[in-house]
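Just so it is clear, A, B, C, D, E, F, G, H, I, J, K and L label the chains in written order, and each chain counts residues from 1 on its own.
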Amino acid sequence: MRVLVLNGPNLGRLGTREPDVYGSATYPDLVKLCQEAEPEADVRQTDDEGTMIGWLHEAADARVPVILNAGAWTHYSVAVRDAASQLTAPLVEVHISNTAKREEFRHTSLISAVATGTILGLGVDGYRLAIAWLQRQ
Amino acid sequence: MRVLVLNGPNLGRLGTREPDVYGSATYPDLVKLCQEAEPEADVRQTDDEGTMIGWLHEAADARVPVILNAGAWTHYSVAVRDAASQLTAPLVEVHISNTAKREEFRHTSLISAVATGTILGLGVDGYRLAIAWLQRQ
Amino acid sequence: MRVLVLNGPNLGRLGTREPDVYGSATYPDLVKLCQEAEPEADVRQTDDEGTMIGWLHEAADARVPVILNAGAWTHYSVAVRDAASQLTAPLVEVHISNTAKREEFRHTSLISAVATGTILGLGVDGYRLAIAWLQRQ
Amino acid sequence: MRVLVLNGPNLGRLGTREPDVYGSATYPDLVKLCQEAEPEADVRQTDDEGTMIGWLHEAADARVPVILNAGAWTHYSVAVRDAASQLTAPLVEVHISNTAKREEFRHTSLISAVATGTILGLGVDGYRLAIAWLQRQ
Amino acid sequence: MRVLVLNGPNLGRLGTREPDVYGSATYPDLVKLCQEAEPEADVRQTDDEGTMIGWLHEAADARVPVILNAGAWTHYSVAVRDAASQLTAPLVEVHISNTAKREEFRHTSLISAVATGTILGLGVDGYRLAIAWLQRQ
Amino acid sequence: MRVLVLNGPNLGRLGTREPDVYGSATYPDLVKLCQEAEPEADVRQTDDEGTMIGWLHEAADARVPVILNAGAWTHYSVAVRDAASQLTAPLVEVHISNTAKREEFRHTSLISAVATGTILGLGVDGYRLAIAWLQRQ
Amino acid sequence: MRVLVLNGPNLGRLGTREPDVYGSATYPDLVKLCQEAEPEADVRQTDDEGTMIGWLHEAADARVPVILNAGAWTHYSVAVRDAASQLTAPLVEVHISNTAKREEFRHTSLISAVATGTILGLGVDGYRLAIAWLQRQ
Amino acid sequence: MRVLVLNGPNLGRLGTREPDVYGSATYPDLVKLCQEAEPEADVRQTDDEGTMIGWLHEAADARVPVILNAGAWTHYSVAVRDAASQLTAPLVEVHISNTAKREEFRHTSLISAVATGTILGLGVDGYRLAIAWLQRQ
Amino acid sequence: MRVLVLNGPNLGRLGTREPDVYGSATYPDLVKLCQEAEPEADVRQTDDEGTMIGWLHEAADARVPVILNAGAWTHYSVAVRDAASQLTAPLVEVHISNTAKREEFRHTSLISAVATGTILGLGVDGYRLAIAWLQRQ
Amino acid sequence: MRVLVLNGPNLGRLGTREPDVYGSATYPDLVKLCQEAEPEADVRQTDDEGTMIGWLHEAADARVPVILNAGAWTHYSVAVRDAASQLTAPLVEVHISNTAKREEFRHTSLISAVATGTILGLGVDGYRLAIAWLQRQ
Amino acid sequence: MRVLVLNGPNLGRLGTREPDVYGSATYPDLVKLCQEAEPEADVRQTDDEGTMIGWLHEAADARVPVILNAGAWTHYSVAVRDAASQLTAPLVEVHISNTAKREEFRHTSLISAVATGTILGLGVDGYRLAIAWLQRQ
Amino acid sequence: MRVLVLNGPNLGRLGTREPDVYGSATYPDLVKLCQEAEPEADVRQTDDEGTMIGWLHEAADARVPVILNAGAWTHYSVAVRDAASQLTAPLVEVHISNTAKREEFRHTSLISAVATGTILGLGVDGYRLAIAWLQRQ
């Protein structure tokens, strides 16, 4: 099953950045985890909002399901939300950390209301669950 | 693996209540789904806050992981939150519907900040994912 | 015409509790008033949230109209609201006192948006009006 | 029993305006309904705030009870509220639609706190109930 | 002197639950402390809102003073507040922890405005002080 | 000295309306008081917003100072504010009662920021002071 | 093409009132501009809320498009909004000044959500654009 | 007539400080103006909160009327408000500038609700009016 | 007349994206419409914030008027606002849909206060009107 | 046991000031009550913020426990809070009246979060309880 | 270069008070640091608001630049702000700790908007930087 | 000493953009000023969020101190904040203008809470001070 796994800003530094919050798995570990769960998973990361918007347009055109960890954009990028809302295949929002335990500005997600569902706080395993769920649809 | 799957008010009416929001699976379907995923799953439902608090105390004493769908209490019952915060084994919060698409008072969860993680909007399959995650810990 | 007249916490103490706010009629007076207006009226009171939810489920299953004075739950119990929203027959919300003249936290009702209509501040006569209205439907 | 039934802006267009919200009864139907319930009912409608204030002064001087549907003024006209608060006979506030199901700015009533009681969401029958209640005082 | 000492949800787990917040005294220790201070003290605990409301009604009927630690209900149960407001003998609100140092939603008490006074943050000794104060009235 | 003394809704009922708030002086007393203080004072009252706006336009054209008690419009009529802001001669806002002691929605004045100054809570004498002040300019 | 161009309070004073905000064109200039753009344009102005509501009812009955500059009523008159929402032909809201650069209470429009579209800050030319747009529909 | 005219922080610098806001009259001019209006006027100024509180206690004990310009304390000193609320003779609050035209934090007065009335924006003449009003009581 | 017509994120997908909100015209249709109205119109679109900022700097340097549809950036990009505020030629803000009818976070525009004026809700015709207006300046 | 009992503004007037709120005990009565409970109690009162800060520094240096009734400063003086937060011995906050029953601005205490605990609404007996509690530590 | 370095409440206890927040430098160290950087620096500290206001008046009269660490007054003392706003020479606000990392009520400064600039979080070195900056003006 | 001096959107236009706010120094002047103060200073500017995030990652990896003027991103870019929070060497936030004197949305900084300290309003000299401070660490 083809699926786009799209990761937003700073997620390329996984394992380096605040390991007590994000765990010790690195970004390459994450890529591997996703591809083991689903060989056709296409895992990408960008710190550039325009690039992310382009990938979401690509997914919308291809009618491919998306797993989206928009990182910090989750909380303010209406542009990413608008791109995500154009998807017609399922969209699963994933966050590695439990944002409800962090600063108050992280408690609001612009993505959730345009996603099919959300998985948060279950570490990089959240991606595995999202893939498993998509595989059953 | 022993796990308590605790469901709050109105969840006993699954399948009857707003099927466009909650899907067509009934509560017995949900029980069966959980037990297929994990034969030792102990699935319960109550409309009574005191009973739910008691179950959470039981889980805390037994150090058993919990999957909690607190239903409407999610949004106001500090008492259920306080009981949930006493657990030492993992706690996964599950919601069948995507609360971010519903009334604004459903956007706030008192449970999330005391849970390990949250799965929402993925239907009754959310329970399956939560069990799968707990089985890997 | 069968109708459930459901009363929430502290309403069993009518006549005793703040008579300047609630009037001098007692709870037995209220039961009598309802049954004189509609012999098939089934008037109940509980201080227990779970019991109230169960009664609302019963009414939903029986497709019976409900007159609901949720008392203090009006202002915080999303669980009672969710149970009430499952009714398919008409639901009339009644409050004996004019909550708009009382503390600000009583100005918000979680029930109103899921009720057909609301009668407030007209004393125990509000129940009589609600019954009369239901009888005409 | 003499009673003033006062209707605010846009209510003269009942039946024409948003029938799914206000029902199909026309303003003449409403007048007839009130007068059948109480032959001495004096039913009036105005789109002019000053005229409404004058009618309320008239009722205050005559010590006549009032049924008031202030329409849109309910939500902002402190002037109508101040005129209404001068009444010494009972004042019943009526709204045809259930304002709790509509835009948030319609959830606040300046009139409720100076009324004896309020009936909302029961359609034009709300007027009949208000008259019945006044007749029993 | 007869006095009801009423404890709300999760207080039965004292000593077990967050000892750095609530101290090491257990609930049986608390019962003993109260009865040593006042042999006629009737100390009770419940996780069930309806039960607590019933006890407050009992105290209102018996015109007995009450020491109330409503626990988590302090912050949302209008029903417990309404029951408490019916007391005619003194009501002392007690909290073991200093709620002003905890989450913001614990800074608001629905009970304080219907209590005679409040003691908070002085540990289980707060109960002793409340008893001493009642004995002097 | 020519001066317009303009009074808004319900002020024609002075002496009748809430005498504990507004005092026992009647509207004719007020007119007399103003004319004794300043024989050229032109004292008017209206319950009609459009009429008030017209009078303010008249004053703006004539470059006459104005004493304005906009009554309830003070708190919501942007239209009266916009008319008042066109005056080039001084504008003194007067309120008979101390609005700071009344309901919260009376604590905000749309007029104050476009007036030269404000006198409130000094009863009908406030008009006399306003006239005296204008006479000295 | 018949079109009603309806102007609210204080707009009759165009050219006199705050020329740095509204420009130097007078109200007769505005009428002329509209009629040059569309000979059948029926341009009116009133300071009276009831009159404006009546004109909107007239347009609703005639199914004529409307250009509405509700002036200060934009920010508080729910009654004008309710009348405007009854139109079935297009409604273009126009403001001469850029309200986003003025006081904060001018940033909210009750009219926008019931209009087809809005033109603001382009001076009296905004009317010309609105007419041009209507002519193309 | 004995009257205390009490001035708070920075008012000793009148004439020097922001003359476009406060006018060109100096503090000695203000003292003279008051004493000409009322020879027994006792005019004082302090930058020290404790001193102001003491003067208000003195006035409360002597049952002397007070004219209070609390300056910046108006907006935050609950202590000055509490002292002012102990007065039994009339209290007139005066502000030289029109605080409604200044920063938003100056729009709230803690003093107004415990004063008899308030005069603002009429320059140092506000003191003269306050004295004239007190002389008539 | 040279004019830059700058379009923000997701606008390249016009016609594809939510046609009930944005209409059926495609982005190439939009380009054509603008160039027919004004042959020198330079129409551009980007999903990249930095690129948009660069275009605005280019316009500022060339002192060329701009028509800006900042799309989702309208609601959060202070950087785009700051770039837009450097323009010295007129800036017309255009939105295809009526943002006042959509989610609340779309009701606020950071651009409006630095624009000359705004046109919203009139479909792609809004661009034509903006061009027509600029041609007359 | 040495203890500082520090009282803030207006507390020197106890017995005189609003006896229905504060009771009839005078400040000398309060001093006597404290010294009877603890002969080494050092009871002081000041209307001067700087003096209070100095006393708290003295207590911090001497590592003496403090009973603090900061009066009106409780609600705004961050400076008193900062001084209080330097204490290492226990700090008990006392209020004679039940501030939860008074104006909303008295519901917030800057002191509570830096105190060990708080006693409020139990009259001057609150001091006695605070001393008793300190004696047991 | 003459410069006043004015320090507010609790700053005299530097080095003693929360060293993890404020560092280990004592107040005498701070005085020395300033005087080494600028021999004419006049460094003062007070816990008394009136004294601080007086010093600011002195600086205003002498047209001397000021370095102001208003401590806790920063967040509520409008009186200190009003005194500071009278300075005509530059005013540099300094805070030793990074207030943005502390309690929310410390995130707002009344002083910043009347200062030339602000230095915060750089420890006592902030004073040195402020002096260096003033020396270059 | 190696230091990265990173400048966000629109800062490349220094000297051109609002010189009354930002002063007349150009961006090349700024670069020169920094390099004169610290020859190893590496001064960069970008209008592209992704580029800035990359530079911050580079600084985090190199453990180099950073001077960051995030410009408009300061107020909304959680992504830049998250990148900045990964630095382990000191981070000094600089703003050329005094943001506290500008629009309210500029009063909040997402960067401050993850910076060591902040310098604002001291013009381009703020960079010099930041470098001087870093050189002393």
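Simple rule for what comes next: a contact is a pair of C-beta atoms (placed from the backbone, for glycine too) under 8 Å apart; a residue touches a chain by one contact, two chains touch by 3 or more.
Here the structure is a predicted model, which means the values were calculated and not measured.
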item: Any chain that touches subunit K and subunit E; value: J
item: Same-residue or different-residue interface between subunit C and subunit E, half as cut-off; value: different
item: Chain centre separation (subunit G, subunit I; CA means) in Å; value: 24
item: Centroid distance [mean C-alpha coordinates] between subunit L and subunit I, Å; value: 30
item: Inter-chain centre distance, subunit G versus subunit K - centres from mean C-alpha coordinates, in Å; value: 54
item: Distance between chain centroids, defined by C-alpha means - subunit C, subunit J (Å); value: 47
item: Touching two or more other chains - residue numbers and ranges from subunit D; value: 48-49, 76
item: Pairwise chain contacts, counting only pairs that touch as defined; value: A-B, A-I, A-L, B-C, B-E, C-D, C-E, D-F, D-G, E-J, F-G, F-H, G-I, H-J, H-K, I-L, J-K, K-L
item: List of subunit J residues in touch with subunit K within their complex; value: 48-50, 53-54, 57, 60, 76-79, 81-83, 85-86, 110
item: Residue ranges of subunit C in contact with subunit E within the complex; value: 8-10, 12-13, 16-18, 46-51, 71-73, 75-76, 105-106
item: Residues of subunit F touching subunit H in the complex; value: 92, 98, 100-101, 109, 112-113, 115-123, 125-126, 129, 132-133, 136
